[in-house]
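Following: one structure in structure tokens, then a few remarks.
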Amino acid sequence: MRTPVFILLEIVIGAALYLLFRRYGNDYLFFAGYTVLQFIVLATAWNILGGYCGYVNFGTAGFFALGAYSSVFFYTLAQSLEDVVPESLQAPLKAILPLPVPVLIIIGGIVAGLIGLGTGYLTLRLRGVFFAIATLALAVVLQTIMVNWEFVGGSRGAYVIPPNAVPVFGPYIQYLFVLMSILVIIALTAARLIERSRLGYGFATIRDDELAAEASGVPTLKLKLIATVVSGALMGMAGAPFPFYIGYVEPDSAFNLSYAVNAIAMPMIGGTTSWVGPLIGAILLGTLQQIATVTISSALNLLIVGLLLIGFVIVAPSGIIGLWQSWTRKKTS
Amino acid sequence: MIVPLLQVDQVGKRFGGFVALDDIGLDIAEGERVGLIGPNGSGKSTLVNCICGTLRNDTGTVTFAGETMDGLAAHARTRRGLARSFQLPRPFMSLSVAENIRVPLLYTVNARQGPHLSPRELDDRCMELLKLVALDAKGGKNPRDLTQVEMRKLELARAMAAEPKLLISDEAMAGLSHSEIEDIVALLIRLNERGITIIMIEHIMRAVMSFSQRLVVLVSGKKIADGKPDEVIKDQEVVGAYLGQ
Amino acid sequence: MEFDLLINAIIAGILLGGFYAAVTAGISISFGMLDIVNIAHPAFIILGSYIVYIVNISFGLDPIIVSILVLPAFYILGAVVYQVYYLSFEKFGQESLRGLAFFFGLLFVTEVCLLLVFGVDYRSVNAPYIGSSLTFGGIEFPYRLLVPFLVALAMFVALQIFLSHTFIGRAVMAVSQDPMALRLMAVDPTRIKRIAFGISIATASLAGAFLIIIQPVIPSVGRDYIGRIFAICVLGGLGSLPGTIIAALLLGVIESITSTFYGPSWAPAVSFGILLLTLAVRPSGLLGR
């Protein structure tokens, strides 16, 4: 399937889903759906570096929170313009602030992408293990900075009050839902494009055998950096609308470990070798968790995710895609 | 004076306290067929790694086609025409056999200046290379399904796919039958006639002798002989250190 | 007087550093010598802390005594975890991605289980020496730091003796460098690795006791220590016990000074900052191979 057709298909499916929810559902469906869509983006983003290249990122929360906090920054700036900005800059800034969410998404992506580039540049020359630990380190450093930065709320957190309604869509949550759907389309298209391009081959060789990849002419450092930047940027983009979705941003929730676990569990359970894996994993685990959080405690729900991760990693390392592939192979032989 | 294609100048490499390479000097002219022999652990693979950039040499310089290779990553050296096969085959396990060949075509041949291969030409080139090593029937298979011998051939084909000026073949013939060895030697000689300089690292003396115009002997990280094959194999030191074993 | 403050901060840092070294000893073995990235190590430490807590609250036993009693259980736990790891990943050479995900899952599951059982309240232990200090030459040595420091030192000495003077210990040091040689001596490398990993988790039992003596714990505390542990490991040089001690003391002092003069909320960033810096500048660490 050629890419433009694929994009069209995604748009059709997304639009159908939206209209379905709008017709038959209530606001809750949009809230829950937003979370699942967010997970699709995070899982797909993680998989570009983790599944395709084999470099594990434990700091998904860090990149996600970078997006969230850059939104908080600009929101707070708009709110407190008179107090923090010198007179001369107030007028031009008043004209562009408050920034609309799509712009914040782009900014979130850029900020997260740049941090990804920096971290990658420092650590991707070393073994994958050190990169993984460095991503963990990064998340903690970022969290410590946000805890100590009063302007974006510090440890007390920041309140973000979105408008009640928006033209065309109505309730604000529907607007956010549509934005996140667009991000899903971008993420899935990007992952699929990469997979089928020369880049996809390069990533696969890095995952299989970096030394042999270098000897075959693959510029491994450059490709790893590309993967890190794309992955980080997508995560930052997913985080940018978060303050408007949740209304109150504080470091413990923005940097929550559940993001890291889910971003790893969803692709590993779904299957890491293709863009379909994170999609399946995110939809399955995401919906499961939405149901579980309502019926059982959220801690128990996270426990299940963790156990599923361990289980799949041991028993079905190729994920659901792998299971399906061996099942179909058995049927034909 | 013609600049040698490859100049290895006082190259040394240690691992902790162990001296793997000790002040190695070697000049290879364009078009030569050189055999490199020596006992296990004498530093042959380490030398290859240093020349190709997989390892950084501690001392000395490697110069290729007049350009110093210091600081250049392995992929950059491959793109400049330095290719090698690995002693223990390292195929890309998540790609098919044909795709393994495609990678150097995509990332070396298509990364250079000059005309790029179209997808169709890439397919044709893959087929050509697979046929050269008699793996054309197994293009769609996974490397895991190949025999050891076939994996070595794939390893060699992958190095050839990079269209090198200098090809280093690292013990590609272990485990091959007589006729297979002859085939590979003939293949390498044909490549050489097309202009590719070749360094062959081998233990199988028949192959080395029928292939090499020049023989270099490495023992315990030092070069102890370098000259015409017939003379080198009669050298006392060489016989004592390696051939006599 | 600033100078007084500095001296006390340095002393506290050194004592804390001793504790950090004990916490890191286990990783020094599993990551430094066995090349297993057990990022779940802090979870085992926290587990140790909570077990010590329960026994201490119920029976009044000294926390360190408890941890020594529980040592064999932790050793067995470590051996079991290694066996699962080996059978699932190491045998197939797929350690990197899957192994990391496995240990990460373990870390996470342990933390959540502890959360479900104990909740988010801070827990601490009672012992006669906690709360008072030894004053010597005008400098304060809080007992809650001093006792773990001394026991940790003893543990380190015991480990070092084990590694250099017993057959199994030397086999452990050899296994990462030359498994073939071990096999030639009719020693099964897998068994040695299992023993070593078991020991590494056993140290977590002691480290857990130290932790809950030094500070009150909640389940998420483990994650704060991941950074410290790996920062120390990397800074000290993988597989070098002396390097671990030096790096741990350094980290302890720097953290203590930062905490005293800039506030404790910056402390987590110190270790991770050091980690990133070391990885960028000298990845082999101070005394690494």
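By letter and in written order, the chains are A, B and C; residue numbering begins at 1 in each of them.
Note that in this section a residue touches a chain if its C-beta (ideal position, glycine included) is under 8 Å from a C-beta of that chain, and two chains touch if they have at least 3 such contacts.
Just so it is clear, the structure is predicted and the values come from calculations on it, not from any experiment.
Taking each chain's centre as the mean of its CA atoms, B is the chain most distant from subunit A. Across A-B and A-C, the chain pair carrying more C-beta contacts is A-C.
Here the CA centre of subunit B is 46 Å from the CA centre of subunit C. Chain geometry summary: the mean Cα position of subunit A and that of subunit B are 44 Å apart. A separation of 32 Å divides the Cα centre of subunit A from that of subunit C. Within the complex formed with subunit A, the subunit C residues making contact are 37, 39, 84, 88, 94, 96-98, 100-102, 104-106, 108-109, 111-113, 115-116, 220, 223-224, 226-227, 230-231, 234, 263, 265-266, 268-269, 272-273, 275-276, 279-280, 283. By the touch rule above, subunit A contacts subunit B in their complex via residues 198, 201-202, 204-205, 207-209, 211-221, 273. Listing the residues of subunit A that touch subunit C in their complex gives 50, 54, 56, 58, 119, 122-123, 126, 128-130, 132-134, 136-138, 140-141, 143-145, 147-148, 155, 257, 260-261, 264-265, 268, 272, 297, 299-300, 302-303, 306-307, 309-310, 313-314, 317. Interface of subunit B with subunit A (complex): residues 52-54, 73-76, 78-79, 83-84, 86, 90-95, 99, 102-104, 106-108, 110-111, 158-159, 161-162.
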